[in-house]
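Structures incoming, each one as structure tokens.
Next, two complexes with chain A in common: one pairs it with chain B, the other with chain C.
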Partner chain A sequence: MNFDFKQDHFSLFGLPRRFALDAGQLDSAWRTVAAQVHPDRYASAGDAEKRAALMMATHANEAYRTLKSPLARARYLLQLAGVDTQEDTNTSMPADFLMAQMEWREAIGEAKDEHDVAALEKLARDLQRDAAALQQHLGVALDDAGDLDGAAVLVRKLRFLEKLEQEIGDAIESLLF
Partner chain B sequence: MAYSEQVLDHYENPRNVGSFDKGDDSVGTGMVGAPACGDVMKLQIKVNENGVIEDAKFKTYGCGSAIASSSLVTEWVKGKTLDEAMSIKNTEIAEELALPPVKIHCSILAEDAIKAAVSDYKQKHGK
Partner chain C sequence: MALLQIAEPGLSAAPHQHRLAVGIDLGTTNSLVATVRSGAAGVLPDECGRSLLPSVVRYLDDGDVAVGFAAQAEQSRDPHNTIVSVKRFMGRGLADISEAAAQPYRFVDAPGMVQLITRAGPKSPVEISADILRALKQRAEASLGGELVGAVITVPAYFDDAQRQATKDAARLAGLNVLRLLNEPTAAAIAYGLDNSSEGVYVVYDLGGGTFDVSILKLTQGVFEVLSTSGDSALGGDDFDHRVYCWALAQAGLSGLNAHDSRLLLTCAREAKEALTEHASTHLTALLSDGQAIDLTLDQDTFRDITKTLVDKTLLPVRKALRDARIGVDDVKGVVMVGGATRMPHIQKAVGDLFGQTPLTNLDPDKVVALGAAMQANVLAGNKQDDDWLLLDVIPLSLGLETMGGLTEKIIPRNSTLPIARAQEFTTFKDGQTAMSIHVLQGERELVSDCRSLAQFVLRGIPPMVAGAARIRITFQVDADGLLAVSARELTSGVEAHIEVKPSYGLSDEEITRMLTDSLAHVQDDIEARKLREAIVDAESLADATRAAIAADGDLLSADELAAIEAGLGAVADAIAGNRTVAINEAAHQLNRLTETFAARRMDRNVQRALKGHNIAEL
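Moving on to the complex of A and B:
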């Protein structure tokens, strides 16, 4: 088998290059590719081919993880289009968004201080709702409007939300265990 | 990771925590955030009629280095003109706090926050 490391992740799994994604289709495509490159199939192959198969298996896993996560998928699509999401460098988010971030942090801190797991779980649900809305906007910006700069801002926003989700999770864990 | 003594000092005794009235004409407000770590920083300056920053406040959600960076900057800008405040470099903040390379972005956040606060003040005064 020839391994093509150059094709993009969407081509690897035979999926259209877009943000909207059928998760079931991705899962089954990944299983097919993973089975094709599984090291067991190359038990009797030469060392070079074994090595190539192992590298391809790693590559396919990485591609799967990237496409599976909405944030990573959007970032990857922008990267393919030559757009830097500036997550490490751009600090100028809209003021109302940053204000909301502060309020989220305060609410998490208060709920944690009061050992209020129910409040934290409600915050987690609210956050999921906000993240879903952002992902919907990302779909429009990437697949329909071709608004790449707008999509980069949405990726940065989603990155903040991912961090909040982690903090809520950590807070719940610290209270339960 | 171990924090430097300077970071711990600012983290444990942060200077100038709080806020001014955003609508006050003599106040400039800068809000910035770092997507990679989720840190959010609000930095405000109070400017007198001679264009000198006479007071500063901050509110930061983030790691110890981010809190220390904003605390330090609020100390530094007091008594400075707007132009002098604009010339504060993140490298100076990082050096003063002995920040390790992975925490340099915290000092960048503080530099961006003071720049945003000065810009906001200038915008309010049509400069």
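Moving on to the complex of A and C:
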């Protein structure tokens, strides 16, 4: 059972340390690792080994979850580079971005009040399109331009969009279920 | 044996020895036990050739316990002492049980979980379930001719932590080594997936006697990855019986039946429901205790109408699971039907209509879960080396903490792949604050009062500091069985206040030991003697392992810790000399507890030794 808890998540899965990522390759690398360290592989082993397996499998799942989400992946790359994304402390945002946020929120509130699931689902699709554009910029900033400060701003923006997406999901759920 | 069984996996078992392991479907209505023999999974029948064991337990006058058909036959004559559908009460308080008044039982609220008053005294659902499991264990050992190495026990995927913990406790109480708690839909998928060796996305629709589960799974190269799961842990075939029962009451103009009549009519209702699977209409006849005769005719259309809301109620979690998995109905390759209740034609039609395809029903819906569990038990026991598979399951309900104002903050979102751990840091709120109250919750709702309370504890011994200076890290760890452990420590001062909590619905090890001791009170002397020999062997090998560990890694212990372990070793030796099983087990248990930290440190050291920068893929 050799498992390096100190190596970064990209090395764990044998992937290049960059934002652009082949999702299929990540999935299959994760399944390979999980197959080796899952506690079920140690079901008839001693308690110490079971504990070690639990730690390793937990770590592998956490690494997978981090790399799979574009926001978490970007944040992690910045963290590896020693850049604090200041998501809780730095709330200054360009005025047009803040204005767009308010408009999103209003649209979500309206659709929710009118019990309009179709409108909420359209908002979710629009939001995903915006998020995809931000992710593309992140890829350029992190992988090509090496613009880490710019990437940190993009991470903060993407975090806003993710919260909106969560809000839309919650609204749809509260109407449907 | 926490200590030091550091061996390569698989080496401990003799290579050609088949290890006896079973899968157990502990159902609301019926339970089954299955095993893999000569490569094929099969259900183990009782001496009369019956596969199902009704999940009914009756406590008799002479102190005996009847389980299964014998108990079921007496349920209307002795309703208070004959417990059916106990699974519905697992891990539940009195307030959680809807229609408690409609049940023929005498409930009392006990800390953690409701209890039922029987002539054998108050019984917790854990003890009652253990009686069912004990019957299945005996059946398996008689049929396989040896002691079981372990068992995989299935639980509804939507069971929360308290219900899972209660199930595991029941298994331990029955003397079973739990290899894994396995979600029922996942077990069914194994049974189907391996038969059909298919790849793609599958939906498992599992309507049992008292629980409804839906899971969405992706099968890829031997990996069963659960994408999402949803359900209703208080909805099942029993509810269909209950609708028929209420319909019969209304038709016959009855109200307020006594316990005997109420049980009788419920049984008639269940028989009528089952008859409607094959026939267009059926008669419902019963003779009540006051001499009144009931004779009603129920046809399929009426049955469909009175149960339509229940069927619709199952489709909501299906849609929710699809949504969580980000899957559309068109992406689904197959729909697997599990649970006896899915035999109802209008359920098959409703599910078929939703997915635009005929659901798969080629395996017996009563047996498929037990068969899948047996296959998994065979793998976990180490009997299968090649082409085995891996299950990646998820946590069904989000875990969170109570924050200011009675709101919950989610720490682990639902449908996260297991095992998972998440840490969260907290700080103090007042100057000089030395204690902090932590409330762990499970559920999706925002308000604490709408979620299930799993554990509440006070973290003490925080060094006094100005408000906001202390840093307390709380770690949630959920293992592959979906069971939670919470630990907390203070980081800044170097003072470690470290605690482990068990969910408030779980039983403590002491309670389990007490129950085990109680249940052993009646057994024969030769069993006692064997237990004593086993206890001595176990205790001696633990003592040997401990001494060897001290010799190898004694430097990891402080003088005080070493003294405590030496004292524990002395106590074990004394207990062995006294020839008393309970005392020996207690001393061994105590020694185990004393060496837990030591074992953890040794493990860490071993992990550290192994850390040479290998990529996991190179292993």
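In this text, the second predicted complex is superposed on the first by the 168 of 177 C-alpha atoms of A that agree within 3 Å, B and C clash if a C-alpha of one lies under 4 Å from a C-alpha of the other, contacts with A are read in each partner's own complex, and residues count from 1 in each chain.
Everything that follows uses one rule, which is that a residue touches a chain if its C-beta (ideal position, glycine included) is under 8 Å from a C-beta of that chain, and two chains touch if they have at least 3 such contacts.
Being a predicted model, the structure only gives us computed values, none of them experimental.
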Report the partner of chain A that touches more of its residues: chain B or chain C. C
According to the stated criteria, A:54 is in contact with first (chain B), second (chain C), both, or neither; which is it? second
Figure out whether A:99 sits in contact with chain B (first) or chain C (second), or with both, or with neither. first
Where on chain B does chain A make contact in their complex? 31-38, 40, 42, 59, 61, 105, 108-109, 112-113, 116
Mind pulling up the chain A residues that touch chain B in the complex? 86-93, 95, 97-99, 101-102, 105, 155-157, 159-160, 163-164, 167
Residue ranges of chain A in contact with chain C within the complex: 1-7, 11-14, 29, 31-49, 51-52, 54-55, 57-58, 60-62, 64-65, 172-173, 176-177
Per the touch rule above, chain C residues touching chain A in the complex are 1-7, 9-10, 12-13, 19, 149-150, 179-180, 220-223, 225, 316, 319-320, 323, 379-382, 390-392, 416-421, 477, 479-480, 599-600, 602-603, 606-607, 610-617, 619
